Every structure is written in C-alpha cells, then in structure tokens.
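The following blocks contain the structures, represented as structure tokens.
Shared between the two complexes below is chain A, which has chain B as its partner in the first and chain C in the second.
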Partner chain A sequence: MKNSKRRSGFLAVCIAPAVILFFIFMILPTLNVFRMSLYEKGAYSPTETFVGLKNFQVLLNDSNFIRSMQNMILLIVTVTIITFAFALIFAGILTREKIKGQNFFRIVFYIPNILSIVVIAGIFSAIYKPENGMLNSIIGLFRDMTDPILWKSESLVMVSLIIAMVWQAIGYYMVMYMASMSSVPESLYESSNLDGAGRLSQFFQITIPLIWTNIRTTLTFFIISTINMTFLFVKAMTSGGPNGASEVALSYMYGQKDAGLYGYSMAIGVIIFLFSFALSAMVNKVTDREPLEF
Partner chain B sequence: MKKEKHTDSTERLYKFFIYFVLIMLAITILVPVAWVFLASIKENSEFYGNPWTMPKGFYWQNFVDAWNMAKMGDYMINSVIVTALALALLLLVALPAAYCLARFQFRGSKFLNTLFMAGLFINVNYIVVPIFLMLKDGDVWLKKIAGQGFLLNNIVVLAVVYASTALPFTIYLLSGYFQTLAHDYEEAAYIDGAGYNTTMWKIIFPMARPSIITVILFNFLSFWNEYIISMTLMSSAKGPKTLPVGLLNLMQAQQSAAQYGIMYAGLVVIMLPTLILYICVQNKLTQGMAAGGLKG
Partner chain C sequence: MKKKFLCTILCISMAASMLVGCGAKSDSTDSGSGTAEEGTAADQEASQDTGAETPADSEADSGNSYEQYAGTTIHVAAIETAYGSEMWQEVAEAFTAETGVEVELTTDKNLEDVIGPSMQGGEYPDFIHLATGREAGLTEQFIKGNMISEVTDVLSMTIPGETVVVSDKIAKGFTDTSLTNPYGDGKTYLAPMFYSPCGLFYNAGLLKEKGWEVPTTWDEMWELGDKAKEEDIYLFTYPTAGYFDTFLYALMYSAGGPEFFDKATHYEEGIWETPEATACFDIIAKLATYTNPITPAQANDQDFTQNQQLVLDNKAIFMPNGTWIVGEMAEAPRADGFEWGMMALPAVKSGEDCYSYTWFEQSWIPAGAENQDAAKLFMSFLYSDTACEIFAKSGAIQPIVDIADKLEGDNVMFYSIYDNGVKPAMGNFAAFNAIPGVEVRTVFLEPVNSLVSGGITEDDWIKDVISASDQMRENLK
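After this line comes the complex of A and B, so read on.
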C-alpha cells in the first residue's frame, strides 16, 4: 500500500512538469487557433466578438489567400517529388556501389541540414544576385548577360525557392535512405544477379519495395514539414514578395497577424491545420502497400 | 560476377558517370558555403566585380564591425544563453517524463503517450501566433497587477517556449530507447534497496547517454538556428534579439545600405559553431538520424 503511494508520487513528480509545459505551450495554443478563428479580434480592439464562420467566408473570397495556398501546394508537390527522386537514386547508388570516399560524400551532403534557414537565405542571396551573383556569372559563360536573369522576379521567384529548398533537404533524406537501404541483405542482390537482373530492375524490384515502410513514414513527415519549410524559406528569402508572388499560406497567416487581424489570421491557421491532416491522411492511403519482409 | 554481364567499358562509363554526379552535387553544396567564408574577409569594394575573385587580403575589420556596430556580440550572448537554458530545461523535464511514460503502466499512461505522439504533428510555427497573443495578454494582466509585464521580449521565456515545444520529439526519441531496456535493471536495483528516484538517476540515465547526446545535438541545432518564434516573441526594436533574427534584420537592411562584408561576417558567426560541432560529431549525427529519422 505504502509502496504504491510512493510509486504514484514518483510518477507524478516526473510527469507533471512535462504535461504542464506541453499543455500551456502546445495544446492550449492549438485549441486557441480553432477557438479564435470564430471571433473577430484585432490588435487595436481589446474585445472579442463572436462572428461564427464569417472569417472563413471572407477567406474564400480573398484572392491573396488563394494564391498563397496555390503557391504552397506547388512548392510541396515539386519539392517532394524532386527531393525524393534524387535522394532515393543517390542513396541507391551510394549503398550498392563501392564508391571511394563514401564517407566524405555523406558528410558533405548533410551540411545544408545543419545550417540555419537564415544562413541559407544569405547564401542564396549571393547566388541569385542579378549583377554579379554566382549563378548568373556561371550562366554568363554560355550566353550574353547584358540583361541579367532576375532570379527573384515575379516569374522566377518560385523556381528560385524550389532550388533552395531541394538543396537544403536532399542530403538529409539521402543519408537516411542509405541507412535503411544498407539493411537490405546482400544475398537478395546476389541471387537476382544470377537471374540476370540489371541494376535498374534491382533498384525498383528489390530496394524500393523492401524499404517501402520507411519511405512511406518519411514521406508523410516530409510533406508536413515542407508546409513549415515553405514558411521559413519565404520569410527569410523573399518576405512573400515581389508583390506577394511568393506568399505561402503560413507567411500570409503571419502577415495578417502583423496587420493586427488576429481572428482572421487564426482562420487561416485552421485551414492549414485541416489541410495538413487531410494531406497526410491522403498520402498514407495512397502509399498503402502490403509490407514486405526480408 | 557483375563483370561477366557488363563489358568493361560500359562498366567504366557507368562508374565515371556516378562519380561525376556525386562530385557535382558535393560542389554545389561546398562552393557556396566556402564562398561565404571568403566573402567575409573581403573589403566592400571587392563586391562589385567578378564574384569569383579571391579576397585581396584578410580584412578582419568586417568581424570587428559586425561584433560592435551590428551588435552581433550582444546577439551571440543572447543566443548562447537561450540555447543553453532551453537545453537544460528540456533535459530536466523530458528525461524523467520519457522514462516514466516508457516503463510504467498506470492509469492514463496510454492516453498521455498518445497525446505526446499527437504533439509530433503540431508544428510550432502553426501555433506561434496564439503563443504570442497568450503572452501578450499575460503582460497586460501583469501590468494591471504588478505594474510591469515581463513575458514578451524576455530571453528566459523564449527558452521555456523552446523547451516546451521540443518536448514531443524529445520524449518520443528517449522513450524509444527506454523501451528497449530489460526490466531486470530496475528489479536488481530495487532488490538492492534503491528507490525509484535513485534507480532512475543512477542506473537508467547513465545507460541512456548515447540517446541523450543525440537529443542534445538535434535540439542544439534547432534552438541555435530558430528564428520565427524568437522574432515573434522578441519583436520590440530595442529589446534583446537572438543571432539569426539580428542577422535577418541586417540582411533586409543591407539591401539599401550595401554593407556586404559585415553581413557575410555575421553569417560566418552563426554558421561556425554548428559547423565545428558537426565536424566533431558528424558520425553521431548521421547515425542518430536513423533513430530520430522522423524529425522534419
């Protein structure tokens, strides 16, 4: 009896601080996103008025919001496809082939992941500078550069963002897939070699199916984190400009908060929450396969 | 065996192609980073010509100016304090909680485990606005009661927010490790007369050292590099700032002021600690990723 009292006392002391902090700074704000989306609250009006779904009605007709959602979806789709295709192929090459300096490549490819997005934004501002940026000076070797390519202009800014985001993400996922691919037993490749399978068919018929569970989980998490990454990159690299051409949903939400429209900003937050849940549910459904074992 | 099927020349071509692609990728990563380091010791006049020229000399004045004029020194101290404080608090709170959630069955333990798992899906940047509003309301209330609010523009509060929002990932990673341990360790300790507390601190935590180091590494990187929460909770122009936010302000200002040297010196100041740490522990980090591979 006494022992069980001591046990629950110990458990309470250990768990309570974590639960309290988690509740105050994560659960409560999350609930607040949903609650405040139904209110009209501004920076300059101290009172809240309940307005029901009015914020959402305004949102549906807000062309800036719709553009920010489109930009976000465009970034998610292209960055995910490019990153995963390259990461899987490179990981497949590096684990299957005997490459000299494998460790060196692994160390180098991981570097972008440890840099702050602010640093990456600084690096890419040097790359994209119109007059004497790194990229334009290289392209200048091949074509006339009297009117330089404006990488941060309205028409190219999304492409510039995609390049920067892929540059940042690719190494991390490659190193991760190398870890899981190296657990595929060598004997499978040897026996398929005897059956005359080439490298390509080995990659698609052995490697990919066997690490499918891993790909599936990471894909879901990648998509969720890309929603967030679009925000970090846009905020540091372009601030949504020029003329809102690179605005994404989260940065638009943040902008509405700066403008003092708290309720409206939180309605955008609700849409982003629902969107991310729906998207991860969809990805889970689409990628569902019978798990293979080796 | 492969040699039997592929002729030697296609084999060699394939190998060459692989190396070519890998080296190109390595170059696209290394060159821009190295370029920033070189740019940080260039004089301002050197920024108007060909970007590929080597610096004429070591112009250390950039760093001196960044440290003093651009207040990078103050920002650096703030960043160090916030990161250290947040890490200490995080470990102190997350370690016991992860241990108990992973190894004890009690009423509500399933619910709490699920709750923290669900927390993995809540991104901090989705909820940064309500956190800001909550602290702002708190300040208004404190002003009424104590005459002064201290929740916003406070690096201690920022550290608490960092630690709290890192809890789900940290607990998830640590519980994963604690679950793999055999229950014999505790039973032996209890028989020897050790209480719950002693067992946890003296037996279990020392064994968990590799996971703890992984947790410290990942969270150090995310706290040191973070700027959205920091920017939001410490928005006052005269208040304290962390390094990334200070640099972001400088970058946005330099578009008109054109003080390139100082800006690149600031970038080096942020980048250097993370790069040095990475080179020291790169094995740990790339291995730890297999365990914590779910972090975004």
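After this line comes the complex of A and C, so read on.
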C-alpha cells in the first residue's frame, strides 16, 4: 500500500515537468485563442472590447476569407491525394523491387524534406521564372515560347504551389510507408506468389491492408502538416499574390493581425482549428477498419 | 536500495533541470526589470531635474550638459533597409560620445518580427525607426491605437552639439503632412527621416540610343509605348503592386492638385466618380495594357527584383521606384550603355503640373517607452550635421536644409528633380479603424496585378474602390 503510494508519487514527479510545460505552452495559448476570438483588439493595444460572436458573423460575409478557405481546402485535398499516391508507389517500388541505387533514391526523395521552406521557395523561384526559368526552358523544347507560361500568375499560381508542396512532402511519407512495408513478412508474398498473385494484386491485397494503421496515421499527419505548410509556402513563394489569388486561411489570418484586427484573426484561427479537428476526426472515422496482424 | 538511490538522483536532476529552465528565465527578467527599475529611477530623476531646471534648460543644453541622462541606456530599434545597418551603429556611437547616453541598438530587416512579440508583452523600445506602408503595418497599428508619444516639443529642442533647434533644420513641409501628424490636429507624432523622391526610373542610355524623347505628358507616354512595342520593348513594369502607392499619390496630385488629393485620401463621398478620379483610373488601366505581361507573375516579395531586372535588360522602359533602387540593383547585370534616369510622373494634360512623390521614412517613440526624454534627445540628434553625414555616406538622405551639398553620384540628379519645376507630392491615405478584409493595399494597389493579367476590368476595380472607400470613411479616425 505504502509502496504503491510512493510509486504514484514518483510517477507524478516524473511527468510533472512535461505536463506543466505542455499546459503553459500548449493548452493556455489555445484557450486564449478561443477567448480572444470574442474580443476586438489591436495586436499591440492594451485595450480589448468584448464583441461576442460578431467576428464570426463578419467572417461569413468576408469574400477574401472564403476564397482563402477554398484555396486551403484545395491544397489539402490535392496535395494529400497526389503525395499519398506517389509516396505509396515509390515506397512499394523501393521496398519490394530490386533496383540499382535504392539507397540513392531514398536519399534523393528525402532531401526536399530537410530543406528549409525558404530554400525551396528560392529553388522554385528559379524553376518557375517566366524567362529562362528551368520549367519554361524544358517546355520550350517542344513548343514556341514567345508567350512564356506564367507559373505564378493568377490562373496558375495554385498549381505551382501544389507542385512545390508535393515535391517537398513525398520523401517524408515515402520513408514512413517504407518502414512499415519492410516489416511485412516476406513469407506472405512467397505464398501468394505460389497462389499466382501478380505484383499489383500483392500490393493491393497484402501490402496496403497490412500497413493500414500506418496509412491512417499519416492521413492525419497530411491534414495537419498541409495546413501548416500552406502558410509557409505561400509566405515564402507568393506572399499571397497576385491580388490575393494564392492567399490561404493561415496567411489571411496573419495578414489580418497585421491590419490591426487581432480578435478577428483569432476568430479565423478558431475556424481553422475546428476545421482541422473535424476533418481529422472524419478521416479517422471513414478509414476505420479491423486491424490486420501478421 | 541502489535502485531507489538511482531513482532519487533521477528525480532530483529532472526537477533541477526544470528549475534551471525557469531559473534562467526569471534571471533574465530579473535583470531586465532591474535595468528597467534603474531606468525608471534615472528617468524620474531626469524628469524631476528637467522639471526643476526648465528655465535653465536651454542654458544647460547649449552648455552641452546632459547630466540628467547620466547612466541612462535607451533601446533603439531601427529597420535595416537598402541603406544597411552600420550607419545606425555609427550614429549611436556618435550620440553616446556627444551626450553620454548609452544606446542599445536592434536592427533587423524584419524588425516587426523582432520587436513585435516583446511589445505585445508590454516591453517597448524607447525609439523606433520604422516607416508606414510596410506589409506588417506595425507603425499604422500604433497610430490607430494612439500608442505613439507626441514629439512636437522635439521640434523646439536644441540639437546636441549644435546651437540650432530641430525645426530650423528640417526642410519645409516635412512636418506638416499626415505622415508626421496622423490625426490632423497640428501635433507631430512621427519624425520625418530619410527621404527619397519617387518617380519613374528608366534606362536613360536606351532612350538616348533610340533617339526617344522623355515624355512629359501621358499622351506622349502612350506614343512612346507604341513606338517601343514595335521594337519588342514594353513601356512599363513595376516591382510589386505595393510600389503603386507613391505612383498613385503623385498621379492624384497631378490629376486634381492638392485639394483633390486631400479629399480623396479622406475618402470623401462621391470622390471616385469625379473626372479627376476617372482620369487616374483610366491612366492606370491604360498603363496596365502597356505593362510587360510577365510582371504580375513576379510581383511578389520573392521575385520582385526580376521585375526590376526587366528595366536593366531593356525589356521594359519605366518602373515606379525610389532612389534606393541604385544600391539595390548595384550588383545586377545590365544592358550595354545603361544609365539610370528618373523622371516625375508625366502631366495629365500638357501645361499642367508634374508631381514627384516625396517618400520618407518615419521614426517615433512608443507611448509605453521607459526613457521618453532621452529618446527625444536621440531623435533631435538625428538632425545634427554629424548624424546626417553618417547617414548620407550610406545613401540615406535626411530631410534637412542644405542637404544638397552633401550628395554624391546619381543622387545629385535624383534629388535635384524638384529644381526643374516638378512639384513635390506628400501625404498618404488617412488612418481609419481597421475593417476586416479592407486595407489600402488590397483595395487600391493589389488589383493592378489583376488589371495587367486581365482578371478584372477597370469598372470592377472602381466599384470595389467605391464600396471600400465608403467603409473607410465611416471608420475614419
């Protein structure tokens, strides 16, 4: 009895630092976001006035906000689907097939992930440059380039962002899928081989079901990290332009803070918070399966 | 037993490391509040002293005695722009040598991100050099929140090390615009700093080589545009849409004079439907058709230098810019025979006035600053000959009388623009209480990108301007 009490006391002391820090730096600020969304306040002014849900009412009629939300959702959906597909395929190839220079490819795919977003923005600035840019020069081999393709123009800027974001994210998810794929026992593939299963059906019948838990986790990662990454990419690559065409919810929130609407930007923060929570929960629910064990 | 001992040690070390973490923080705040206390003590002493010595104040000043500031350290925060940050270091040293007041200097290219968080926590620098019109809009927020100290009295202070007062030194007109007196009540809150005539920059060598005249009216401008188009040169480009602010201000002046400018920048009802305003919109919309079409795709913070490069490469003739462009593009490759040229905005009709916007930066003292008096002393020192020379060495030109003698190189040509009948345009859009989704930049400037790429029409733009302008008027300060 005495022993278990001392034991729990010891445990409490052990986890106290983490809990206290987590509370101060995560829980409190989050609660504060919710509180501030009900107030009107400049970022630097000490006075704040309670306005209730007015910020949210205004938000619903703010066409700039709606456009930024649309852009963000477009990025989450397309970047997730494309990255997911490519990462799975590449991981499947690199773990199951015997190709030369496997390690080389692994490293090459992973490199974008360790680069800073600012560096990536610089790289893509050179790639997307209208005149003498890498992409336009390559396309110029096949078609006339007197009218260069304007990758960062209003109509194409979202496509350009998607390409850059997919390029950056593939390596990370590929490594995650590879880790779980390589733990799938070889014997399963051998026996299915004897049953006459081809590579494709092996991939869909064995590999995917057995790494399903991993896929579910990464889908949540996709949602959270894409929301964060949209802000970084937009800030570094396009500054929301031209004329707000590439503004996403987080960068719009940041801009509204700069315009002196702290409470309003916190209301945007609340919407993004609830949105990402709901989306993650939904994805989690939809992908719920009986876990398979090997 | 051994295990228990190990556990205890682990526990203690963990708790200790946490305390160390906190300890370091409380330590720093301790020392911080320590200096702050010293600061306030010295400050109070100083203010008492000045209070007691008010009659003898000027005497003390002319005697170069700054005893009341002894031991004070002011925290100066300055934005690092194309002029670099060394000049601030040198000026701070010169100030300390002159007055004995220590200066703790913070300079950064993204100053808002460096001083912003601590200001949100209530810790303000004593002196901030940061202009309005930046994307982060920190200075605007301080203006909107009435959080800037009035500095009208600085104008009558004697400059340290000299015998003249500040107002005699500052060139005429610089302390009665809305940029320095944001509330229009005749009181000065922001000090005018480095100024730069803004206008259209071009390759003078190209025009000479082709035998083209520098246009003086917009009609001549369009003619030149057509001629240039035949040689595959576009008439116009711009770094980012944000550069249209100085362009628009000067255009409003030349379309309707100071009166129209004043009404328009105060969002007067119906102002955007007047002939003057229509002339402005028409010119910008027409100019958009003469703009190099790749411009909007590069009009962001990452790629704007590529737009400036278009002028250096003779792919566009004119761009709106300021005198800092010479330093900014100093290392860039350029066409043979390139030579910087700068002109005021062409007149709307021949015979009417030409205007060139005078852009200047501002410095100010936050109302929450600890050492207000010492900061004001520092502010006055910035107009001393010593400081102006240091600034001028880096290309930063203070708006003081007779500065022309200190100019060198291209700057002589740039700053003499007003000598040839061109009128200076000053001022900006009046401050209004923040409105969700409505900003000067997004309403008046950013749509130019869409005009060029054809995303919106001129009428769409005017409609947006009118509805936004109505909201701004209702929220005028």
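To be clear about the criterion, the second predicted complex is superposed on the first by the 266 of 294 C-alpha atoms of A that agree within 3 Å, B and C clash if a C-alpha of one lies under 4 Å from a C-alpha of the other, contacts with A are read in each partner's own complex, and residues count from 1 in each chain.
Heads up, the rule we're going with is that contacts are C-beta pairs under 8 Å (C-beta built on N, C-alpha and C of every residue); 3 or more make two chains touch, one makes a residue touch a chain.
In this text the structure is predicted, and so the values were computed from the model without any measurement.
Enquirer: Kindly classify A:Val79 by the partners it touches after superposition: chain B alone (first), chain C alone (second), both, or neither?
Expert: It touches nothing on chain B or chain C.
Enquirer: I'd like to know which partner A:Met165 touches here: chain B for first, chain C for second, both or neither.
Expert: So A:Met165 meets neither chain B nor chain C here.
Enquirer: For A:Ile271, select first, second, both or neither according to whether it touches chain B, chain C, the two together, or no partner.
Expert: In the superposition, A:Ile271 contacts neither chain B nor chain C.
Enquirer: A:Lys152 in the overlay: touching chain B, chain C, both, or neither? Say first, second, both or neither.
Expert: A:Lys152: touches chain C, not chain B.
Enquirer: Just to be sure I read the superposition right, which of the two partners does A:Phe10 touch: chain B = first, chain C = second, or both, or neither?
Expert: It touches chain B and chain C both.
Enquirer: Could you say whether A:Leu38 touches chain B, chain C, both of them, or neither, answering first, second, both or neither?
Expert: neither
Enquirer: Kindly classify A:Ser239 by the partners it touches after superposition: chain B alone (first), chain C alone (second), both, or neither?
Expert: Both chain B and chain C are touched by A:Ser239.
Enquirer: Report for A:Ala121: first if it touches chain B alone, second if chain C alone, otherwise both or neither.
Expert: A:Ala121 contacts both chain B and chain C.
Enquirer: Does chain C touch more residues of chain A than chain B does, or is it the other way round?
Expert: When the residues of chain A touched by each partner are counted, B comes out ahead.
Enquirer: Name the residues of chain A shared by its contacts with chain B and its contacts with chain C.
Expert: 10, 13-14, 17, 121-122, 125, 129, 236, 239
Enquirer: Help me check something: in the complex, which residues belonging to chain A touch chain C?
Expert: Where chain A meets chain C, its residues are 10, 13-14, 16-17, 20, 42-46, 55, 58-59, 62-65, 121-122, 125, 128-131, 148, 150-155, 236-239, 241-245, 256, 258-261, 264.
Enquirer: For chain C, which residues are in contact with chain A within the complex?
Expert: Its residues touching chain A are 7, 11, 14-15, 17-18, 116, 119-120, 122, 135-138, 140-142, 144-145, 147, 240-241, 293-294, 296-303, 306, 434, 436-437, 439, 442, 446-450, 453, 455-456.
Enquirer: For a test of understanding, state which residues of chain A touch chain B in their complex under the given definition.
Expert: 6-8, 10-11, 13-15, 17-19, 21-22, 24-30, 32-33, 36, 90, 93-94, 97, 99, 104-112, 114-119, 121-127, 129, 132-134, 137, 167, 170-172, 175-176, 179-180, 190, 193, 196, 214, 217-218, 221-222, 224-229, 231-232, 235-236, 239, 250, 253-254, 257, 262, 265-266, 269, 272-273, 276-277, 280
Enquirer: If you look only at chain B, which of its residues touch chain A in the complex?
Expert: Interface residues on the chain B side: 1-2, 5, 15, 18-19, 21-22, 25-26, 28-33, 35-36, 39, 47-52, 92-94, 96-97, 99-101, 104, 106, 112, 115-116, 119, 121-123, 125-134, 160-161, 163-165, 167-168, 171, 195-197, 200, 221, 224-228, 244, 247-248, 251-252, 263-264, 267, 270-271, 274-275, 278, 282, 285-287, 289-290, 293-296.
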